[in-house]
Structure formats: C-alpha cells, structure tokens
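One chain, chain A, appears in both complexes that follow, with chain B as partner in the first and chain C in the second.
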Partner chain A sequence: MSEPLIPPKKKDPLLNTRAGHVPPALRSRAAKAMAARAGQGRFVLQACEDCAHVTYPPRDRCPKCWGALTWQDQPRGAVIEAETTIKASTDLFFRNHLPWRIGSARLDAGSMAIVHLHGDVNQGDRVRMEIKLDRGGNPALFALPEKETLNMADDPQLRVFTADPKYRRILVTDGRGPVGQAVAEALVKAGAKTVFLGNNDRLMRYPGQEQIEAMEGIEPVPLSIADSRSTEALAAQLGGRVDIVVNTAQHTRGGGVGFGGKLSDLQTGLDLEVSGLMRLAQAFAPAMSGRSDDGTNAAAAFVDVASIFGLSGKAGYAGAAAAAAARLSLIAGLRGEMAQTGIRVMSVLTGPIDDAWHQDIPPPKTAPVQIARAVVSALQQGQETICAGQVAKEIFGRWQADPLLTIREETQ
Partner chain B sequence: MTLLTDLAGALATGQVRVVDLTNTLRADFPVIVLPPEFGQCAPFRMEKVSRYDDNGPAWYWNNISMNEHTGTHFDAPAHWVTGKDLPANTVDAIPAQDLIAAAVVIDISAEAAANADFVVTRDFLEDWEAKNGAIPLRHWIALRTDWYKRVGTPEYLNLLEDGVHSPGPDASAVEFMVHDRDCVGLAVETVGTDAGQAFHFNPPLPAHSILHGNGRFGLQCLTNLDKLPTFGAMIVACPLKIEGGSGSPLRVVALIEGEAT
Partner chain C sequence: MSARVKPYDGAVVCAPVTVPYARFSPESAHWWTGRALQALSQQTGLKPGDFDGFCFASFSSVPDTVVGMVQHMGLSPRWMDHIPTGGASGVMALRRAARAVQVGDAEVVACVSGDTNQIDSFRQGLTGFSRFSQDATYPYGFGGPNATFALITDNFMREFGVSREDFAKLCVAQRTNALSNPLALMKKPLSFEQYVNARAISDPVHLFDCVMPCAGAEAFIVTTPEKAQELGLSVARIAGTIERHNAYPEDAVQTRGGWGCDIDELWAAAGCGPQDMDCLQAYDDYPVIVAMQLADLGFCTKVDLPQFITENDFTIPGSLPLNTNGGQLSAGQAGAAGGFQNVTEGLRQILHCPLGDQIPEARRALISGFGLVNFDRGVCTGAAILEQEVLR
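What follows is the complex of A and B.
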C-alpha cells in the first residue's frame, strides 16, 4: 500500500518555493511520436515491419534488421527483473525528488526497458505498464501494480506523472452551464479541496444555482473570461493558489458559413472561446508556472474542454466548430509553453453536448456527466488528450485514420 | 452672444449646474436580455492596447466594443421597424439642433417602488398635469423611477421566470406624449423605454413602436433623474455619429439652475 496523501498544510511563507524544473527535455522525433500517442492514454511501442521485432526506446530503424518501424498498440503486461533506488543525480528535477526507484522490466511485448516504479512494485512482480508523460511532456514507462493497491494514486512517484485532483484547488470557469456544474461536482467527489466555480453574471440567476453553490467544497467566484478585467481580477485573487484550471466555457450556436450563420454569434463565440482562452492563460499560467513543483500544493494542470468538431468542422455548426478549431490550436501552443514549466495542458474533446444548444443534432450526444468523468480521468491519468463519450471517440478514431475524409463526412 | 456668455458665467458660478445622467460603461453593466432565438445585445468590453508598457511606452489606450444599445444609450427612430422609413432616422442623420432640449420630469418613483410593473397611462399623465401643470411641448419627458438605485443588484433588470418587471408607459400614454405634447423623446432609468412586460401589451412594446414611428428618441439607463427639477432642466444628449447607426452609448448631462456660489 502507499502512504495515504495527507491534506497539505498551509505553506510556511519563509520557506523558498521549489523551482519547477522538468526532466531532461531533448528528444528525438521518434520519442515525440511516442509522446503524442501516450498522451492519448495508449500503450504503444515500435514494431519492425520486416522482422516484427518490438523495440524500446524509440528509434528511427529496427536495431535487428534496419527495417522500417511503425507504432503499434502493445500488451501492457511486464515482469520486473531488477530494481534499484537512485540516491544521487545531477539532474535538477530528480535531485529534488530523490530517492527515486527504477527497474528493468521484461515487457510482454518482447523487449526490456528501464522503467519508473510505483512504490508497491518490487522485483519479480507482474506489473501493468503505462506510458506516462513526464512534467515536460516526454514519454516515460511506468510500472504499476497489476491490481489496484490501497491509496495507489497517492504514490509520490506516480503523482509526479499525474495531476490528480485530490486535495487540489481547482478553478472551473463556467458554473452557469450544466457542463461546468457536472465537472465541479465530479472534481469535489474526486477529492478536490476547493472548486472555485466561475459565474460571469452574478446578477443573473441560472438553472441549478442553489444546489451547486450549496455543495461543500464549491466556492462561487465572479469570472467572465470574455472580459479581460474580470479574468485579471480573479487571477489577482486566486492565481497564487489555484492548482488546476478547467475551462468549460462554450458558446455553441447553429448556422453555416455562407448560409444561416450569424456573424454576431460567431463574434461572441470567438471572443468567449478563443480570446477567452488566451485571457485565461495569460492571467493564470504565469503564476501557476511558478509553483509547479511546490510539494503537494503544487499547480499541476490547465484543462480545456472543446468540441471534437474543432478537428473536422461540422455542417450546421460552422462557427462553433471554427471556435473549437482555434481553441485546439491555442491549447497546443500553450502546451508547448507550459511543458517548459512542468504544468500539464490537457484537451477534453466532446461530441455535441446534450444541452439546449444542440437540439437539432440527433442522439447520441455527450452528457455533461461524461465530460466531467473525462476531466477527472485525464487529471488522474496525466493524459494529454481524452475523448468524452463515444461520439467524440468515434469521430477522433476516424479523424486519426483519415483526417480529410472525416472533414468531408462531417461537413457534407 | 449674450445668452451664451451669460450661460458661461452661470456655469462658472454654479448658478447653472451640470448633473451627470450617465451610468459608467463597464463590462458588468446589465444589457437587455432577449429570448435566446434572437440575437443578443453585446455588453461593454475593453481590451488594453498599451498602458505605458512595451506596446506603447508613454501612452495608455484601449480598444472597446459594445452594442449600440449598451449602457446609458440613445435610441434613434431607425431602431424600431416603425421608424425604418422616416427621414433622418439614424444617429448620424439626426440634426444636431435636436440633441439639446428641455426636460420635464415625471416622478413615478413611489408607484414603481410599490409595483415594479407600474404602467403609466394617459389618465395618469392627465392627472399628473392637473397637479403639476401641463407637460410643455418639445420636451424630453423623463420618467423618474429611482430605478438607477438598483444598478448593481438583480433587481435592476428584475428578470424573473416570467420575464422582466420594470415600469413603463402603455400605448395611450405614449400617444399622448407624442401627439398631444409633441415630446422630443422619452428618457428613462430602466434598460428600455418600454415596461418590462410590454411585450405582452396590446399593442406590444408601445414606447418603441409609437415613439420611433413618429421620429422621437429614447434615452435609457439614465441615472440621477431625482436630481432634476420637475420643470426647467436642459438635457444634452449627443449620440456618437455612427453611419447608419440605430443608437449609441453616450454621455448624457442635464443643466439645472442652482444657487450661485
């Protein structure tokens, strides 16, 4: 079992803050390809097209026969052949996290790998392998107990690779809608210390207000990410103590490009979803970056919930899809910037949400609770991209296999 | 130029005082809320361009955006379908001479406090005239409701589950103001010249419909009408000269006579 995480104490203001170093960052293109897949929660290794040899770490050609390598999902099982504890390191990140356990794992997929070890894993154990992204966004093999152990998620080495909401203080940007409310409730249930729940118009009531604001752990805050001053004002109050930001702002309105779309809707949507994301990032990212390795109270992640149609476009929802596309582009840029500081940037992709603004789209749709589940899961797993619900998964799968075909399918 | 010289002197001594009738343009000032199937009124927004920083080391300025009907604002006749074919019906075309006019203030603050849905009728206005004197011709008719004191609370918009609740005139009152008293326009502290429930009146939205259909103006979201005398104030209300604009946020001031200091 792991030592259960204890609620973090308030910080001693006389103690210096531990700088948010990241593990060594320089990687080959092959390693970046592994990271891109690992970020989706997949367990992939390269296999040779000629001799079928499975290899690790990532390479450009097969080390056995020089054949071409392709990424393939692999069985996750392994056995720990040897283990050791690192007690000294010249690396700035690991120096602050010693001792650090690693081991040699014989992968069921067929090769040996140096891996990070969960505290409940010992030599000779059967383990479940995952490819985690480290604080810098690079892939690392991590050996977990084959079966769930007590307080497993609290293992300090594992927590370095996740952004688990337990005991964390989290800002959810839009509490007025069903998505933000479901996300806030799920985060509280997942152990968040406080969920600051944004309300962009404190003078206007909203459905579900009494229940959500009465929930223990929920603290309503004024926040309109369409308004720079409002965003900056909240960051001035909370920027130094928010560990995770979850942006649930949406402005979905129907309409095409040449036909039926309203420019005023597009303008409002772009301002809220796209400019709003930048306002949020500029207000909160710098302060979060300064405390990315500040013990159990560390800032950990920036999560953005956006429509899967940002990848493909969507007939009848052109403006909303365009806003989502811009949002995905911004979030990718932010991910690159934040990787240097140790903050994870995550995308939760949704299908059409089952709300009043998607009445024209027939089921299946994405329920707010599915989005909430995906947000929690991404944080707990340290996953970079996650699909909320089957609709998004299905479209994402098609898009990965054939992006141009998927664009055609969704827009024609 | 004696008149204006006298006015300058009166302004300098405080014999003529300037009352600000304008709410501050800020992002959280409420705007009218329409049913979701309609386009919405954009609130005020401001993005910094520079503030003595790398984008402009010695100067501070912002880009701003809003609807023409955000904050304290002016409604031109073209705002309503009934005024769409009138000449000079947009803010750029309205003669400047029409932008300064005297005002009569009708105090319905007690009635509005007792009943948020208080409706001003022709009978009410005639009764008011019997007590206070006739509404002079070619005046702004200002409805003092003290509604501005609710700004910053949910009771300003007063949007309940069955719609907005705020006072305003019915058709008989607006017909009287326009045709019998030849008003310049209707000036109110609420978000619209019409009552909150006026969509359900017959005819609906009489203030917008009748005022603008007859080339009259609207002023909304005013403050400080309680600082004006019943008769004798002069309102200066100059909307931005937006080409083809249906209205405009503006700074509205009133000149009132006071004691010289």
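What follows is the complex of A and C.
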C-alpha cells in the first residue's frame, strides 16, 4: 500500500517556492515518436518490419537484421530483475525528489528496460508497465503493481507523472453549460479540494445553477474568457491558487463556408474559443509554471476540451471546426512552452456534444458526463490526448490511419 | 573458430607516464594531454617531430577528436587513432599501436589519454553521454553510473552470493596499496568498518564503491625494440591481448563481460595462466566489476568468488596484488585516463619504476579494461598480458 496523501496545509507565504525544474529533456527523434504514442495512453515498442524482433531502447534500425522499425502496441507485463534506490543525483529535478527507486525490467515483449518503480513494486515482482510522460513531455517507463493496491495513485513517484485532481484546486472556465457542470462535479468527486466554476454573466440565471453551486467544493467565480479584463482580474484574484485549468468554452453554430454560415457566428466563436484560449493561457500559465513542483498541490495541468472536428473539418459546422482546429494548434504550441516548466497540457477531444447546438447531427453523440470522465482520466493518468466517447475515438482512429481520407469523409 | 592471433613480435611498450591528478581543474583536456606529452618527452628526449604515431583517448576534448589534438599539439604523425572507449581505451590503444609498429605503419607511437574535470562538467558530461543513456537511462532518476551499476551489483550479489563484506576486502586492499602512491587522491587508510558503514549512494552501491572523478592524464609509448634500445628505455613485451564488445546481449542484467568469449585464447597466446601473474590491474569503477573480472579472466568461478576473495590478500606484499596504485577507487578517475592507468601501473610494476611500493620481482602483469555504459551495461572489454623484457 502507499501512504495516503495528506491534505496540504496552507502555504507559508514567506517560504520560497521550489523551482519547477524538469528532468533531463534531451531525446532522440525515435524517443519523441514513443512519447507521441505514450501521450495517448498506449504501451508501444518498436518492432521490426522484417523479422518482427521487438527492441528497446528506441533505435533507428533493427539490431537483429537491420530492417526498418515501426511502433506497435505490446503486452504490458514485465518482471523486475534488479532494483536500486537512488539517494544522490546531480540533476536539479531529481535532487528534490530523492530517494528515487528504479529497476531493471525484463519486458514480456522481449527487451530489457530501466524503469521507474511504484512504491509497492519490489525485485522479483511481476508488474504492469505503462509509458507515462514525464514533466517535460518525454516518455517514461513506469512499473505498477500487477493488481491495484491501497492508495496506489498516491505513490509519490507516480504522482510526478500524473496530474491527479486529488487535493488540487481547479478552474473550470464555463459553468453555465452542461459540459462545465459535469466536469466540475466529476472533479469534486475525484478528490479536488476546490473547483472554481466560471460564470460569464452573474445577472442571468442558468439551468442547473442551484444544484451545482450548492455542491461542496464548488466555488462560483466571475469569468468571461472572451473578455481580457475579466480573465486577468480572476487570475489576479486566484493567482497562485489554481493548480489545474480546464477550459470547457464552446461556441458551436451550424453553417457552411460558402453556404449557410454566418460570419458573425464565426467571429464570435473564434473570439471565445481561440482568442479566449490565449487570454486564459496568458493569464494563468506564468503563475502555474512558477508552482509546478510545489508539493502535493503543485500546479500540474492545463486541459482544453475541443471538438475532434478540429482535426478533420465537418460539413455543416465549418466555423466550429475551424475554431477547434485553431484551438488544437494553440494547445500544441502551449504544450511545447509548458514542457519547459513542468506543466502538462492536455487535449480532450469530443464528438458532437449531445446539446441544443448539435440537433442536426444524428446519434451517437457525446454526453457531457463522458467528457467529464475523460477529463478526470487524462488528469489521473497524465495522458496528453484523450478521446471522450465513441464518436471521437472512431474519428481519431481513422484520422491517425489516413488524415486526408478522414478530412474528405467528414467534409463531403 | 577464429583465425589464430599472431604474436606481437617487433613491438614493445615503454615509458609509462602519469600526470598528477587534480580533483577539479580549470584547464582543458588539451592542457592535460600536452602535459602528458611533455612528460613523455622529458623521460625519453623525444620531440614532437619524433612521434610518427599518435593514439588518443578523451571524453572532454569536445569538439576535438585526435584530429584537432594532432594540430593542437604540433604532431605530424603518419598513423593516428582515436579510442572513444573510456575504461577499455588503454588496452585498445596498446594493441592498435603495437600492430601499427609491428607492420611498420609507425615507429614511435605516443598513446595518450587526458581528461579534465571542471566544476559541473561531470553532470554536463552525463547528460549527452550516449543516445541510449540519454533516452533510456539518465531520465530514470539521474543517478548516473552509480545507479546503473547499483542494478548490476544488486543482481550480481543475489546471483552469486557475493556480499558487501567481499567488496570491502577489495576496496580496503586497494586503499592500502594507494597509501604508498604519492599521487593517489585518497591519502587516508580505509577500514573495513568505514567501508561497511558508509552512506548509501544508490543501494547496494555505497560511498566507497564509487570513484572520485578528477582531471589527469596517462601516457605510454609503443615502439620497436631497436628504437627503445637506442633511447635507453626499459621495455615490456606484449604476451597476449583480447578485445570484445557488446558480448552476451541476451543477458537480462550484466553478470559477465566480453572477456569470457576470448579468455582461453589470451592464456594460450601468453603460454601461462592466472597463477603466473604478479599483479592484476583491473578496471575498478565499482568493485562488482572487479569481482566480475576475477571470474571472467579465469582466477575462479563466479560461485567461488566469496571464497577466492577471502583466500587472497590483494595488497602489494600479499597474494594477487590488485590495482597497486590504488586503482581508480583510491587514485581517482581521470575520465578516459582511468582506462589507461591500468596499463601505466602494470608497466611500472614490471619495469620496476613504481609510483609507490614495488611488488618484489614482478615480471608479469595482467591488464584488464572495461568501458562505456552505453545503456544498462559496460559494452567494451579488453585484456592484455605484459611481460618484462629488458630493464635499462
């Protein structure tokens, strides 16, 4: 079992915050390819196209026959052959996290690897391997107990590779819609200390307001990310107290490009979803970056919930898909910036949401509660990209296999 | 069956040089290398134009290889080589230079290794050490070689019943040897209790299992017997050598090195056995590797290691003198020069010009190198048997 996390005490304002170093970040291109797949929660290793030999560490040609290598999903089992507890390190990040346990793992897939060890894993144990992303976005093999153990997620080494909501303070940008409300409720249930729930118009009531605002742990805050002053004012007020930001802003309106679309809808959507994302990032990212290694409730993640049609476009929803595409691009840029400071930037991709703005799309659609589950799961796993619901998963799969074909299919 | 290795007739080794080590140095690898060449010159009277062969090893000469070093040092050789194999570089330089001299590609080869150790250069050196370590070793806690060897040690102790007390015997003996070496960085005796009670660095690796990185340089000359006579130098002959890289990749955790592949050929070529060695100069960055070599080089089997260690003394006056200058553990590890000091110390003992105490009547030295933890194990291994030929 792991020691249960202790709720963090109020911070002594006179104490110097521990600097948010990231572990050594230099990687080969092959290791980055591994990271891109690990970010989707996959457990992949390279296999040879010619002789099927599975190899690790990341290589550029097969060591058995020099054939070309491709990344393939592999069995997750392994045995820990040797272990050590590192008590001295010259690295600025690990120095602050000693002692640190690693082991030599014999992977069922057929290679040896040096891996991070969960506290409940010992030499000789069979383990379940995951490829986590470290704070710098690089792949990290992590050995977990084969079966769930008590307080498993509270293991201090594992928590470095996740953004678990437990005891964290989280801003959800749009509480007026069903998605924001579902996300806020799920985060509270996942152990968040406080969910600051944004409301862009305090004079207008909204459906579900009484229930959600009555929930313990929910704290309504004024926030319109379409408005720079409102966003900056909230950031100034919450300052160093937001550990995770979840942006649930959406402005979906139907219409094409040459036919049936309204320019004003596009402009409003771009201002809220795209400019809004940048306002949010500029207001909160610097303070979060300064607190990325600040103990149990260190700042940890910036999550953006966007439509999967940002990847493919969507007939009849051209403007909304364009806004989503711009969001995905901004998020990728922000991810690169935050990788320097130890904050995870996550994308939750949704199908058409089951709400009033997607009436013309036939089911299946994505329920707000599915989005909420995906947000919590991405945070708990430390996953970079996650699909909420079956529609997003299906489109994402097709897009990975053949992006141009998927664009044709979704827009023609 | 590999083709029979030809003997090293026509090539001899001489003029061992050790430039006194420094814990930290603001100077460059070039400075240390030049200092070693100067010492060679002072010992032999040879000038830059007299060396027609140059073999070089260094970790910290970046961005220069042997090419940059040749121009920097004003050499104009007709044969040169760069050996990037750290702890195995001395043996490898020796055998390459010997072949070059034997066939006449060069007549006088300076084999030099120099490395500096500036503040923080150890950490920076690790960060970009190798592709596999950068991708798959150092991001795992950044324990450096200590952590990698801790995994090897953890497995080795369990597999063969070797204990920390056994390692203590080796480390304490080496420190005893170091006390007579005025150039050793470690100058105080090490007791068994101090070894055993030292703080853990990455268990089961503790403080006195780890070398102290430092700056320094080592060098020797490989030339013809005729040239050595002309220069009035004492010489050793090369009775046999082996070299092997990336051996046994199928082993889950390293329990043996490449010596095992070729050890019978080494003893056959030399026409003698482990019992005939007057000293063993083995790679000792972590005592587990010393133990591994004792078995892989044929002194005993792995399971007999605890008994063999108990029964031997490993000090200069005792049985099987081991790393008589103190080894890297007690003299310091000057980067790649750590892979040369086994050659220079072995040579000094059999040429009877030691830095510290002399092994009485020493005539044969076994030199063993081990280098480059590219990912999870040492990749490069080599060994050489040197025999006293002429004392002048």
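Worth pointing out:
Convention: the second predicted complex is superposed on the first by the 412 of 412 C-alpha atoms of A that agree within 3 Å, B and C clash if a C-alpha of one lies under 4 Å from a C-alpha of the other, contacts with A are read in each partner's own complex, and residues count from 1 in each chain.
The rule is simple: a residue touches a chain if its C-beta (ideal position, glycine included) is under 8 Å from a C-beta of that chain, and two chains touch if they have at least 3 such contacts.
Predicted model only: the values in this text are computed from it and were never measured.
Contacts of A:R229 after superposition on the shared chain: chain B is touched, whereas chain C is not.
In the superposition on chain A, contact of A:Q209 is made with neither chain B nor chain C.
In the superposed pair of complexes, A:Q340 makes contact with neither chain B nor chain C. Residue contacts after overlaying the shared chain place A:I102 against chain C, while chain B stays out of touching range. More residues of chain A lie in touch with C than with the remaining chain of the pair chain B and chain C.
In the superposition on chain A, A:V115 makes contact with chain C only, not with chain B. In the superposition on chain A, contact of A:Q282 is made with neither chain B nor chain C. Contact residues of chain A toward chain B in the complex are 201-205, 224, 226-230, 262, 264-265, 267-268, 271, 356. Residues of chain A that touch chain C in their complex: 23-24, 26-28, 30-31, 56-58, 63, 81-91, 93-94, 100-104, 106, 112-116, 123, 134, 138, 140-141. Those residues of chain C that touch chain A in the complex are listed here as 122-123, 126-128, 131-132, 134-144, 146-148, 150-152, 154-155, 158, 199-205, 249, 252-253, 375-376. Chain B meets chain A in the complex at residues 27-28, 30, 33, 36, 39-40, 42, 45-48, 152-154, 156-157, 159.
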